[in-house]
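For reference, the structure I am asking about is given below.
Going by the order they are written in, the chains are A, B, C and D; count residues from 1 in each one.
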């Protein structure tokens, strides 16, 4: 523990700026994955343990698209759209068969899928770790604000992720689709009674969740090493975020993600050897005090 | 990168080997019975899946190259070696189970532990229990062989060791520091046993050789952590003149990629001991210039024809660069093969006696020789040195060797402070 | 209703143990005994998880807390103190009861997925603690240097056959004890809480206390599984407290079945055999195992024994009318997941 | 004897139970009626501890039980059955009733003995017979008909030998014939077990036929109390009740 270092960081503007942006960037990338986990749980009541594998696929799809096109934008979209399509197949082929099954049976199905996906990635892309390489547009000197350092690429990621978060929020709260999704989360039989095909709604949520995870994988790819199994760490953190924010709440996922990001960025200064433990403590405390999470139960 | 299934490599080359032996025996020994031709089974426990799958694929190839040569030369009096490789999925209990399975169900007479350090400790206990000849080919944790409490007479290590690397790295970094006046240092190493040990020892020896060096902070990413932003910003806040890191593999490439966008390399000297390994060097798309690195394995170090040939042979056979794990497993296998030839027996005790204190001729040893030190059953005299990166092949053109006499003297001293001797 | 008595079950257990004791003389090779020792560890562990999941309706994601606790506590006691194995064994069970009571008091107040996640959080806290507290636990390297095995009562656990007898003996005894518990009045109270936790309080049942008891009991047996594992590998590793170990137990009970007492044992045999067999046959372990898992999960939609039990019952009463429940045991075998 | 004094409970500012004071003599058979939303079920929930009252006292034989937990209140002798039968789907009728017997005798946490405990069977069979479920004793609860599930629910409460038994619409969701069979069974139980029985009921013909006295709730308050005849003629009841009753009977 190094509380004096933490205190001295908190009174230094440059440290606060750097660590806060660092927390934001960690948190916002996490958000893109966690939002999907949260939505899928909120609407489908499925704990999609395989969402980390979606993220991994997004990164690999983007890698291949980047190899072929050399265009980062195309690569990111390939990640997002590729995984959205994959999410559709995954939902129709596997998950739709275990709706209403015990949560542990769903977990088993997801586990089987993860094993297969990790192995397929190894077969297709090889056992070695891959590096995406930084697109040349972002190979620039970082910005410096008040002594705090922010790389151009991260600034880009923050803007993109916030924009996606905003669009997602609008989609869920303002559109007809959003209303249906929220209604399906609370009362699926009511939605189907209104003549809406809940199967389509469920599949669309998986597609949306897959799109977000794939996007996250593609966006993060230039600063990650790609390996089979890279989804594992992010899925555990996504669960923590989902629990803290409140399962099914997009706003909760955003706040939870940023909270986890900040805990990690400031925690590494104050408690360098126990940042992971810190996240689980946070999760346990939230569960005990407010089991439904910071943003309660309310709809999606 | 090879797309061949690792098992496929094994089976095919065994077949080839057996054919060669069969051919030899029809000419030389027409009456050799089938029982005598029964292959000698060597079991390798390693990781073939998940994030460190590359460890297993390189280890297997390293061992295979020696075994194929041995089989092609007639095996042990007509008996070929069969290498069986299994995946522990990086779980120590699974590694232990597979090791037992090799011994109890598969009839393996020799064990190659090419797994991670945690598994190495588990397998060490099996070696103790069963007395089987065991070579740890990948674990670099010094205590595995240095701590007499863990000693097993039939277990050896054919890998580099943290203490040797720390002494070598510390002395090299001290020299650079003195020249460039690098006094303010930080560490950024993975938060697990290897990372913590390596970090601690590196700075210990750095300060010993360079009195003005001062460690102003440390940051501890988790093993396999995808994102180093929080550690990097912490480093930037502290403004050190130099940073030491023993991150490795995919973690290291991600760290380098992320450091680049923070422009870290322009602000500080970075000493990353594990860069000079082809898996890392070739993966990073924009390898920054001037990173100081220890040699893991380089075709150009030692700068001998033998080494270049060995590397070229490996690349020809497997269509990929040899890695640090490749030579470590080649070396371990060669110790075993030499002992088999010398004793003409598969008895673990006899083999262990033959291996203890033995030297083998290999290009990646100092002056072409590696020694398995008697007493603590561990590898010494492997080529080790430091140099700076450039952007393309040969990546680290000028490697400065480190003197093994100094390493060994300081190692003895370290063992005393650890109360190992 | 027909009921088995403790006496009858004990006799069966003794007979099973006698057969197990003789098996190594019939099935050659230490591969078999190794397998059985691991099966004992995972079988007890999975069955204890099913006390929670199948009988009490408490879906824990963090049962590995006790497996890890059992491994480390037993290993540390044996390495640190000059005590006999039974003493360390009892001390570990005692410790797991204390930890189970404290953690359980926090966890069992929560329901369903929240209970699942809070148990996971506590397990990961133990894992973080093991990793961070290097001087005691050895950090990520685990407890190294082997676990001493001083002989006791003529049992020498450094002998593979003795270890086999000890482990299978513990397995049979633990299964007997757990079977007895699920057939006890307490066991039926668990089923009532599983079926309808909202109704139970109005029958005078303190749901919190009953759940806490179930959590503590399951934890104590989980720790026994961990101790056997630490003897098998002669050490303890942080993996034993990681979420993946809970995952393995979950997959075992889901594959084998949660409504039949021996379902988790069947699942443990299935998963261990699959693992060993697939690892031996191919390096594409994930692909093959994943496909097999999906085949079972999507083909049967329930554990193997659940499926068999349903099949058996359907055969007993081909009509779709009310089905008589002949054996007390099958009371639990109707697909559970009830509630209001 | 159950005496309620000034009992109040609000949810989000809406008073579900408002200053209710009522008296139920020992061994009486009382109906609680009132239009939908009158707070009848809330009233039961308060008495049984499912909700904690904001104010007021609940005196059971002179002891205030307000604020105790449901199990504590059950142990004081107040049993309850529910509007929608709350049963144990995977247990047979006999197992469920035996389970309740064990809970009642505080034997439900015994680990060392087999289920059922000696001596619990007789009581279970007696209650099962009382509920008329003997023929279905080995049927899984979830396979019972709706009416039988309600009977089982009541039987579970009856096991507890309650001094006071609260039944929330015992005839809800039943056809006319079933209703009368059910009410006969309930009446028989009351006569045999001699407890104070309070039931919520919408069917006025049933209420006026079997209740000794009637309590009327409306908007969380006590509107009237008296014998069936008094209630039938009570102008307030007729005025405030009929319209709603008309609606409710068509709901």
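Keep in mind that, in the parts below, a residue touches a chain if its C-beta (ideal position, glycine included) is under 8 Å from a C-beta of that chain, and two chains touch if they have at least 3 such contacts.
Keep in mind that what you see is a predicted model, and the values were worked out from it rather than measured.
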| item | value |
| --- | --- |
| Common touching chains of subunit B and subunit A | C |
| Higher-contact pair (C-beta pairs counted), C-D versus B-C | C-D |
| Chain whose mean Cα position lies farthest from subunit B | D |
| Subunit B and subunit C: spacing of chain centres that average the CA atoms, whole Å | 38 |
| Averaged-CA centre spacing for the pair subunit C and subunit A, given as whole angstrom | 33 |
| Whole-Å gap separating subunit A and subunit D, where each centre is the average of the chain's CA atoms | 50 |
| Touching two or more other chains - residue numbers and ranges from subunit A | 118-119, 122, 273, 276 |
| In subunit C, residues with contacts to at least two other chains | 131, 284-286 |
| Each pair of chains that touches, named by its two labels | A-B, A-C, B-C, C-D |
| Subunit C residues within the subunit A interface of the complex | 53, 59, 106, 109-114, 116-118, 120-122, 124-125, 128-129, 131-132, 243, 247, 250-251, 253-255, 284-287, 289-294, 297-298, 301-302, 337 |
| Residue ranges of subunit C in contact with subunit B within the complex | 29-31, 34, 38, 131, 134, 138-142, 144-146, 158, 229, 232-235, 237-240, 244, 275-276, 279-280, 282-286 |
| Complex interface listing, subunit D residues touching subunit C | 48-50, 69-71, 74-75, 79-80, 82, 84, 86-92, 94-96, 98-100, 102-104, 106-117, 136, 138-140, 142-144, 156-157, 159-160 |
| Subunit B residues touching subunit C - in the complex, by the definition given at the top | 5-7, 48-49, 85-87, 89, 91-94, 96-98, 100-101, 103-105, 117-118, 121-122, 124-126, 128-129, 141, 143, 147, 149-150, 191-193, 196, 223 |
| Residues on subunit A engaged by subunit C in the complex (per definition of touch) | 47, 94, 97-98, 101-105, 107-109, 111-120, 122-123, 236, 239, 243, 247, 273-274, 276-277, 280-281, 283-284, 287-288, 291-292 |
